[in-house]
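What follows is chain A paired twice: with chain B in the first complex and chain C in the second.
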Partner chain A sequence: MSFPKKPGGKGLDVLQNLPRITLANLRPEPGARKNEKRRGRGQHGGNRSGRGHKGERQRGTRPRLGFEGGQTPFYLRIPKYGFNEGHSRRPQYQPLTLKRLQYLIDLGRIDPSQPIDLTQLVNARGVTIQPLKRDYGVQLVDEGSDIFVAKINIEVQRATEGAIAAIERNGGIITNSFYDPISLGILIKPVPFFMRGQPIPKRMLPGEDMVPYYMSAENRGYLADPEEIQQARRALAQKYGYVLPDISKDELCHMLAMRKDVRQIFFGLSPGWVVNMPEKKILKPTDEKLLQYYSS
Partner chain B sequence: MYKMAAGLLTLRVLRASSGFCRRTPAAAGGLRAASSDAPQDKRAVITESTEEYKFVERLIPPTRIPDPPKHVGAAPSGWIPPAESPPPLPYMIRRSRMHNIPVYSDLTHGNRRMTLVRKVEGDIWALEKDVRQYLRQVTGKELPTQVNEVTMTLKVKGHFEQELKDWLASRGF
Partner chain C sequence: MDGLFPAVGAILLQSTRRRQNAGKKPNKLNVIAFWNQKKRPEEKMAASMLGQRTAALCGALKRASLSKAVLLASCRSGFVLQAASYNPKPLKLNLRDPYIPDKESNKTPEWQKTSRYDRKLFGRHGSASGVAPASLWPSPEELERLIAEEAEWHPPLEVMLKNIKTREKEETQMRLAKEKLIAANMAKMPKMVEDWRREKREAKQKLKEEKERKAKLLAEARERFGYNMDPRSPKFLEMVAEIEKEEKKKRKLLRRREKAEQAAVPPAAPPAAQS
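What follows is the complex of A and B.
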């Protein structure tokens, strides 16, 4: 039903029938404006003007906030502890709930028939990553795991056990892979990177502390052994009490099994290639030393 | 699934077939035929290809918001699509850009709770009457409401975002 827009409606009708509005005709709603309390005037505002009787209160010479009359104040009694020490060097992961992921798939913003990457999530405006604020990617959180019903091949940077279970229960695949900050910046905004005309760099391997996380099969790390991952899938299915669906018999098996190489940032594009967007071409190096470097 | 191996293979194939010779094909062909040790000097620094460009097209962000696919009833995430035809009421509430119901909760001054219904078209006073009646049923209280005929919005005191969203979705908006 299309409604022709009548600006103002009843208000406009009333306005047109009343006499002209001037400052003389306007008045605020009674009780809307309250007069301020003016100190030093009259019986109630004057005399001591709300300052009390003598002492530091009336004379305005009270000590600083936290002073306890000479006793060691609370904020000095408590010893220091490094709760926030190195907070600016800690990696942060933007959380992504399974509920939001399901919502994005339902609204057609994410295509479940293609592997889901951080680029796809950012293009769908599902998450916002700020690599300059020590964000190292996205983490999958298991809020909404009971309503999650989608078979996807997803790659995130961290995932909780419940989230892994929910995805594998529906026949999907989840991988945890590491992106160093430069690669992450390129992954999030590929088009500005391609416009720079630089060759695609190779993805760096994780640092010492993160290697155990990405090599363990329980976390479905990208550096882990595939057989161990299969065992871990079966173990998780037993733990959470669902039947592990067989993926090799699936029609989308090829898409689900797609995984990026350890040094690759984008699907289908190797490091060392330069993308020419205006002419829709890809330039590849032929020098042996370069090829050796980029394939190492 | 090592795409690197596949990439290198295609590289070798392409290097053999194409080179910098696109500019002067006849002359380069002639030069190659003439000198036998030419391959070392004439080898191209880069090779071009257009086959893998489809992977780049996958990475370009879309400029328009995609239409949601057809769902029968509610989607698994709880999203309810609008009815096929608008309901036969004197007012209409459009969906937002992201295909959601435009009801929002607001909190100002730390304790002032309001619910805002935007994108109303038609007779907004009828909507206000229906909303007041529905909330009276739900809460048992008479809630103050404010109608803005210029912006065609409705404000209700209190947080009733979820209740109003469910009610409007059930009505087919």
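What follows is the complex of A and C.
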């Protein structure tokens, strides 16, 4: 014969018996509010208000930063050298640590049972990509590879060897694929693109300087040979000292093996299709030449 | 290689449907079986419970939905994680009162009569915009232009690989040639060093000899004339000329004597050999 427990318990009792909350009963958390610095008040803070004694210091007329009293300053003595030459033409890749990726997966912002794409990362607000600032995508960095324990099928634009090893150690798949700037803009913001009413363009191939990177199996490039990739996986497993798990025996093997076509931007959507957002329809072209162009 | 789920499309549909189906069972994508367990009937019920609870939450917060990951430890299965994933921006489709400009009137601005604007109208309002879908794709002339542009600026993979190969071959050839040249020159180095050292030594020696000769001549002049003469004066030069002559005569005498000796020696040797 146990008495039924009242929901809420002691907390509710306390709440019901204490006086009402007013401004007089409230107080901020200690350390939450810090008083601002007020200059020129008090015996020690007043007088010169922390500015010093006479001269440019007190009068606020100091010369510009870097000025050395007339002597040729350091920043002008040193001769120019092309360290930053052409910096605005260099492709940039936003780094994504494995630690952050694990964090996103743990919080449920990224779904590991679906292929992870740049669209998913941007939707989860895991990374911010600015295609107009010469960003060519996201790169996977191996900080946090010791705590990474998720099995995922991920597609990034660059990845370090350690990151590739960490993902494959957990039975996942990583691919490096290239998106030209227009495709990248469409990939990170698909809905505004569909509202434009344009047919989905085909992804362009990388430039000559990037082709070797995306064709090599060590980097798991999307243009590389699958057999070479298998060999590279085994070699990497040997190098980093882990047993390579067999993916073909996995339940999610079909999902993990999903890969985009070389010219495809979205899973399930081919180049040349027009997506009608208001009516939730997809329009496909029927003209031969168009089909040939979009499937080349 | 297309996927099972059009990931983007599914997420879009989910976002638009979510408001409408708040009370019903949540979409399959919403509930993730974290350790890939097959759905048991209890899990399905748990899922439906989850759906109703989230519906209540949504109603309570008056549609101010934030991205939440609601981990329900009290759930019977214990392994199901409700993923709210991301909060999509609400898609405001103006389907009741769309603005479709009048193509014939001259009051509408020019840019509203272009094909680009037509495409945008179609994208925004769908078939209600009255735009023929066939005009969304490039016309035959435009298509030809696109194909030509692509052929010029985006060569196919084989062409690019060929270019890369030729470039690399050239580079390696240049590098090898340079290294060969360096190796050959380095092989020549000891001899060149020796030659140079020899020349230096000889030059030094010559200088020394010159100096000695000059000193000798000066001493000779000093002996003869009794005072230190200037080597540039005419007397000194005459003296030098005299000495030269004497030396020449001596050398000639020496040569004659040698010749005589040589002439004497060979006739002596053959008769000695014969006899």
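Methods note: the second predicted complex is superposed on the first by the 217 of 296 C-alpha atoms of A that agree within 3 Å, B and C clash if a C-alpha of one lies under 4 Å from a C-alpha of the other, contacts with A are read in each partner's own complex, and residues count from 1 in each chain.
FYI, contacts are C-beta pairs under 8 Å (C-beta built on N, C-alpha and C of every residue); 3 or more make two chains touch, one makes a residue touch a chain.
Just so we're clear, the structure is a prediction, and the values are computed from it rather than from any experiment.
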Identify the partner contact of A:M195: answer first if only chain B is touched, second if only chain C is, both if each is, neither if none is.
second
Partner chain(s) touched by A:L76 [first = chain B, second = chain C, both, neither]:
neither
Considering only the touch criterion stated at the top, classify A:V14 as touching first (chain B), second (chain C), both, or neither.
neither
Once the shared chain is lined up, is A:L205 touching chain B (first), chain C (second), both, or neither of them?
second
So in the superposed three-chain picture, is A:K284 touching just chain B, just chain C, both, or none of them (first/second/both/neither)?
first
Identify the partner contact of A:T119: answer first if only chain B is touched, second if only chain C is, both if each is, neither if none is.
both
Based on the superposed arrangement, let me know which partner A:L107 touches: chain B (first), chain C (second), both, or neither?
both
State whether A:E251 touches chain B only (first), chain C only (second), both chains, or neither.
second
If you stack the two complexes on chain A, which partner ends up touching A:A235: first (chain B), second (chain C), both, or neither?
neither
In the superposed view, which residues of chain A touch chain B and also chain C?
107-109, 114, 119, 123, 190-191, 194, 258-261, 264, 266-270, 274-277, 280-281, 283, 285, 287
For the chain C and chain A complex, residues of the former touching the latter:
1-9, 11-13, 29, 32-33, 36, 67, 69, 81-86, 88-89, 91, 93, 95, 118-128, 131, 133, 136-138, 140, 143, 146-147, 154, 156-157, 160-161, 163-164
Contacts from chain B onto chain A in the complex sit at residues 1-4, 7-8, 11, 14-15, 43-50, 52-56, 58-62, 65-69, 71, 75-79, 86, 88, 91-92, 98-99, 121-122, 124-125, 149-150
Chain A residues touching chain C in their complex are 107-115, 117, 119-120, 123-125, 190-191, 194-199, 204-205, 208, 211-212, 215, 223, 251-252, 254-255, 258-261, 264, 266-270, 272, 274-281, 283, 285, 287, 289-290, 293
Considering only the defined contacts, which chain A positions touch chain B in the complex?
1, 3, 5, 7-12, 99, 102-103, 105-109, 114, 119, 122-123, 144, 147-150, 190-191, 194, 257-261, 263-264, 266-270, 273-277, 280-287, 291, 295
